[in-house]
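Here it is: the structure, laid out below.
Going by the order they are written in, the chains are A, B and C; count residues from 1 in each one.
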Amino acid sequence: MDFYFVQFLSGLATAATLFLVSSGLTVIFGVTRIVNFAHGSFYMLGAYVAWSLVERWGDTPPGFWGGVLLAAVTVGVLGAVMEVVLLRRLYRSPELFQLLATFGVVLIVQDAASWLWGPEDLLGRRAPLLRGSVEVLGQPFPLYDLMLIVLGPLVLVALLLLFHRTRWGTLVRAATRDREMTAALGVDQAKLFTSVLFLGSALAGLGGALQVPREAVNLHMDMAMVVEAFVVVVVGGMGSLPGAFVASLLIGQLQAFGILVFPQITLVLVFLFMAVVLVLRPYGLFGRPEEGPPAGEAPGPPLRPDGPRAATVSLVLLAALAAVPLVAGDYALIVLTEVVILALLASSLHLLTGLGGLVSFGHAAWFGLGAYGAALLVRDAGAPMLPALAAAPLVAGLGALVAGWFCVRRSGLYFAMLTLAFAQIVWSVTFQWYAVTGGDNGILGVWPADWASSKAVYYELTLLLAGGTLWLLRRAAFAPFGYALRAGRDSALRAEAVGIDVRHRQWMAFTLAGACAGLAGGLYAFAHGSVFPTLMAVPVSVDALVMVLLGGLRTLAGPAAGAALFHGLETEAMRLTDYWRLVLGLVIVVLVLAFPQGVVGFARSLWDRRRGGNGSAAEPVA
Amino acid sequence: MTGESLLSVRGLEAWYGRAHILAGVDLEVRPGEVLALMGRNGAGKSTTLKAIMGLVAQRRGTIRFAGHDLTGLPTHRIARLGVGYVPEDRRVFTDLTVRENLEVGRQPPRPGVPAWTPERLCDLFPNLAELRGRRGGHMSGGEQQMLTLARTLMGNPALLLLDEPSEGLAPRIVQQMAAAVRTLKAQGLSVLLSEQNLAFAGAVADRAVVIEKGCSRWTGSMAALAEDEAARRAWLAL
Amino acid sequence: MSRLVVRDLARAFGGVQAVDGVSFALGAGELLALIGPNGAGKSTCFNLLNGQLRPDRGSIRLDGRELAGLPPRRIWRLGVGRTFQITATFASMTVRENVQTVLLSRHRCLSGLWRPAASRFRDEAQALLDRVGMGTQAERPCGVLAYGDLKRVELAMALAGDPGLLLMDEPTAGMAPGERQELMALTAALAHDRRMAVLFTEHDMDVVFGYADRILVLDRGRPIAEGAPAAVRADPRVRAVYLGDEA
C-alpha cells in the first residue's frame, strides 16, 4: 500500500513537468493553430541553458532558482524570435509547411545544442536545500520531486489567473475562439502571437530547466518530450489548459503504475490510452470541435499522365540508373540503393498525403514492420530472401489495415496524432518485446541470398522491385482508385454527394500505402543486414514527410525527387560536417519560405511558365 | 449635401473564392448620419460591411475613412482608426464573461469625445448591468446583440458598421436596439447599418442605399424611399 | 404524375422547430422554387431531402421509394442529384475528369487500380459537358474556371448521376446577371428533356419568378403559400413576410 502511494507521488512529479511543457504547447496551438514540433527543442534548450547557469551559480538557492528562471526567459525569447522570423510568414501556408518549418528548427537546435554543449550526457547540480528525501509512509521520497508536485498546480493556478485576470489573457482567450473578430475589435494579432510564443516557449524552457536535477541533460530530450506533450495536448483537448493538466495527471499515473502492472509494454500504454480517448472522445477530454475545417493544401493543377516525351525521359532515367553499377563503386551503390528504397517509402506516403490529403506522422511504422517481418522470417523460420521480401508488404499491409480502420475515423491533425499513436505502439512493442525482437539490439544477420550478395546485384534487385512498385502506384493514381482518393481530398462534401465512400477509400489507401512502405522496409533490412527499432521511430516518419514535402505534394515524381534530394543532402552534409542537421534544418527552413509548393512543384510551374502556360497556373482574381 | 463625408466607398468589388459577390458598390456616410444599406437576402449587404472592415481577402475599389485609405490596411488598423464593426452573427466570445467581452473591445479614447466605459454602457443597455459575470454563451440572442454592440462601442469608434441589427430578435428587443442607435446618433456617432427590415431602417436611418446583386441601385432619403413604391417593389419586395 | 412526394416533413433543433409540417409534390420536368426570409427553414428542408439531416417525422418519396432517414450516399444512388450554394467540385481535376469520376461512381467502378480512368466513360462525360455548354473546356482544371462555368460543371456532375430529382441550393448566387438567366434556362430545358424534377432555393427574385413553375414560401419552418408565381406574388401573407410591418 505504502509503496503504491509513493508510486502515485512519483507519477504526480512526472505529471508536473509534463504539464509545464504541454501547457505551453496547448497555448501556442490554441492561438496560432500551428503544430509546433520545435516545442520539444525549447524544452531541451531550457535544460541546457539551466545546466550552464546552475553549474556557475547554482550552489546557493538564489543562484539556482535565478538560473532556472533565466533559462526559461531565454528560451521564451528564442520562441518569440522564431515567431517573428519564421512562423509569422507561414500563418497562411498549408499546415504541412508550418509543420515542416518547425521541424527544420528542431534540426537546427539539435546541432546548435550539440555544438555548444557537446554530445555527452550532462549531469546537473542538484537543487540546494532540496537534495535529500523525506519519509513518506516509511518510504523515502525525494524532496525535489515533492516540490515539483506542489509546483504543478501552482503553475496551473498562475496560468489560469494570467488568462482570466489580465487584459492580455483575455485577449488571448478571445483570439483562441475567434481571431477575426478579435482583430475587428482592434487587437494587433502579430504582437499577441509573438507574446504567446514567448510564454509557451518559456513554459517549455522552465519544464526543461526543472529537469536538470532529476535526469541527465542530453540531445534526445527534445523528440521524446514533444511526442509526449502532443499526447497530453490531444488527450486533454487542443487548446485547453485544464485539459492539459488533467491529461498530464492521467498520463503521469499511467506511466507510474503501468511499469508495475505491464512492465513489458509501459511505452505502449500511453499511446493506447490516447487512441482510445480519441476514438471515444474525438476532440479530447476537454476539447471542442474546431471552428471551420483546417486549412488544407490548395488544390494543385491536375495530375497529367506522361506524354511520350516524359515517358522517354523516365525510361532514359531508369536505364541510366540501371547502368550505374558499370561505373560506380560500392559506396555509391549503397547510397543509391538507399535512395531508391527511400523513394519508395516517400511515394507510398505520398499516396496518402498527396492524393488522399491525409498527413501521417507515423508512416515509419509500416516501413519498420516490413523490415522486422522480413528479418524475423529469416532469423526464426530460416526463410530465404525472396519469400521474406514478399512477406514484408503483407505484414505491414495487415498492420496498416488494422490501424487504418481507426485512423481514418478522424481527419486533419487528429488523424495525424492517431497515426503517431499507432506508430509509437508498434515501436514500443518492438523496443520492449526483447524475447522476440531483441529490443534495441535489433536483429542482425539479415543478409541477401548468395546470388544477390554483391552490392551491384542487390542494387539492381532493389531498382526492379521498388521501380516496379512505383510504376504500380503511378497506375493506381491514374486509375479510378486514384480519382476517388483525389475526389475525397478536393471536396469530401461533393465526393459523398456523388456516392463516394470517402472514409472507405482512405482506409484502402492507408493499407496500400502501408504495404508499399513495408516492401521498402524489407528491402532496407536486406540492404543493411540488420534491423533496429529506430527504423520505426518518429524521426523516420518525419524524414519521410520531409521528403514528400520537399518534392512537393502535387506531382507524382515529387516524392522520389524529394527522397533523392533529402538523402543526398543528408549523406553529403554528414560527410562534410558533423553539423549536418544544422545544414539540413537551414535548408528546410529556407526551402519552406522560398518554395511553398515544393521543389518539383516549383520547377514545374517554371516549366509551364516557359511554355507560356496552359492554364495550370491559377489565375488570380482581384 | 452637408459637408465632407466620413466614409466614402467607390466602386467596391469583392469575391469569395471565385464567387463575385460585390460588383460595384458606392456609398457615402456623412458625419453624424445613420445610413441604411438595404437589399434582399444575398444582395451583398454583409459583404459590403466586411469588405470595408478588411475581412474579405479579395476586394477592389476605394474605401476612404476620415482622410485614411482603408483599402490596404489590416483589420485591426481599420478598427483602431475608429471603425467599429458589429457582425450579423454576433460572434460573442462565448467562453468570456460580459465584462471580459467588453474588455476585449476596449481601445484608447478618441480626443475630445467622452470614452465609453462599462458603466456608461450599462446605462445605455440596462440588461447588461445584471449580467456582468455571465458567460457570453449563456445569454439570449437579444442580450448577445446588446453585448456585441456594447463591446464594439468600448473601442470608441467614430463610425459604427451594424450588420442586420434587428435580425432574429423579438419586437421588444428590436425597439431597444432602435432606441440605442438613436441615442448613439444623438451623441454624434455615424452609423452604417445593413437592414432588410424597412420598419427598423425607417425608425433609425436618415438615408438609404439600396443594393441588388452586388451593385448599388438607389440612393436617397428614408422619406423618399418610403414614397418610392416602384423602387421598393423593384429592389426590396417580391 | 408526381415524381417527388413530400409529406409532413419536420425537424427541430433544441426546441426550435426549423421545419414544421412541410408537404409538397413535384412532377417530372417541373421546377419548384423554395423561398422565404433568412431562417425560414429552406436550408434545413434541403438537408432533409439530401440526407445531411434526418427528419423527426414525415416522408420523402421519389418515384415511390422512401428516402427519409437514408444517408446521403444512398439517397444519391436512388436518384437525387444536387448542386451546392458555394460550388463544390474536384478542383485538382479537369472538367471532364470531374464528370468521369461521377460516372465511375455511378457504375461502381471506383476500386479499379489498373485501367486508366481517363479512358472510361469519356464519351458519355463529353456528351454531358456539351449539353451544359462546357464541352470546349473539358481539358481545363476545375480550379481555374470562372464561377459561372463551375456552376455548369456542377450541373453536369449532377446529371451524370442520372437524377430523378435535382436539388439546387441558390444556383445563381455569385453569378453575373446574364449568366444567371442562361443557367436557369438551361436547367429548365434539361428538366424538360430528362423528365427531371427540380427543387431550388434562390434569393434572386427575377430568377424565381422567371423560371419556377411553382413557388413554395416558408416562414419559420411552415409553408405559408404555394402556387403559381403570379398567385404567390399577390399573396398578402407573403408580402408581409418579405416587406416587414409596412406592407
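Just so we're on the same page, a contact is a pair of C-beta atoms (placed from the backbone, for glycine too) under 8 Å apart; a residue touches a chain by one contact, two chains touch by 3 or more.
Everything numeric here is computed off the predicted structure, so don't read it as measured data.
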Centroid-based (C-alpha) most distant chain relative to chain C: A
Result of counting contacting C-beta pairs for A-C and B-C, higher pair: A-C
Core chain by centroid distance, with centroids computed from Cα atoms only: A
Inter-centroid spacing, chain C versus chain A (mean Cα positions, whole Å): 43
Separation of mean Cα positions, chain C and chain B [Å, integer]: 34
Junction residues of chain C, two or more chains touched: none
Contacts with 2+ other chains: residues of chain B: 18, 20
Chain C residues touching chain A - in the complex, by the definition given at the top: 50, 72-73, 76-77, 82, 84, 88-94, 97, 100-102, 104-106, 109-118, 120, 140-141, 143-144, 157, 160-161
Chain B to chain C touching residues, read off their complex: 16-21, 23, 40-43, 167-168, 196-200, 202, 213, 232, 236-238
Contact footprint of chain C on chain A as seen in their complex: 299-303, 305, 472, 475-476, 478-484, 486-487, 489-491, 493-501, 505, 508, 554, 615-619
Complex interface listing, chain B residues touching chain A: 13-15, 18, 20, 53, 55, 58-60, 74-76, 79-80, 85, 87, 91, 93-96, 100-101, 103-107, 151-152, 155
Residues of chain C that touch chain B when the two form their complex: 37-39, 86-87, 145-147, 150, 170, 173-177, 203-205, 209, 232-233, 238-239, 242-247
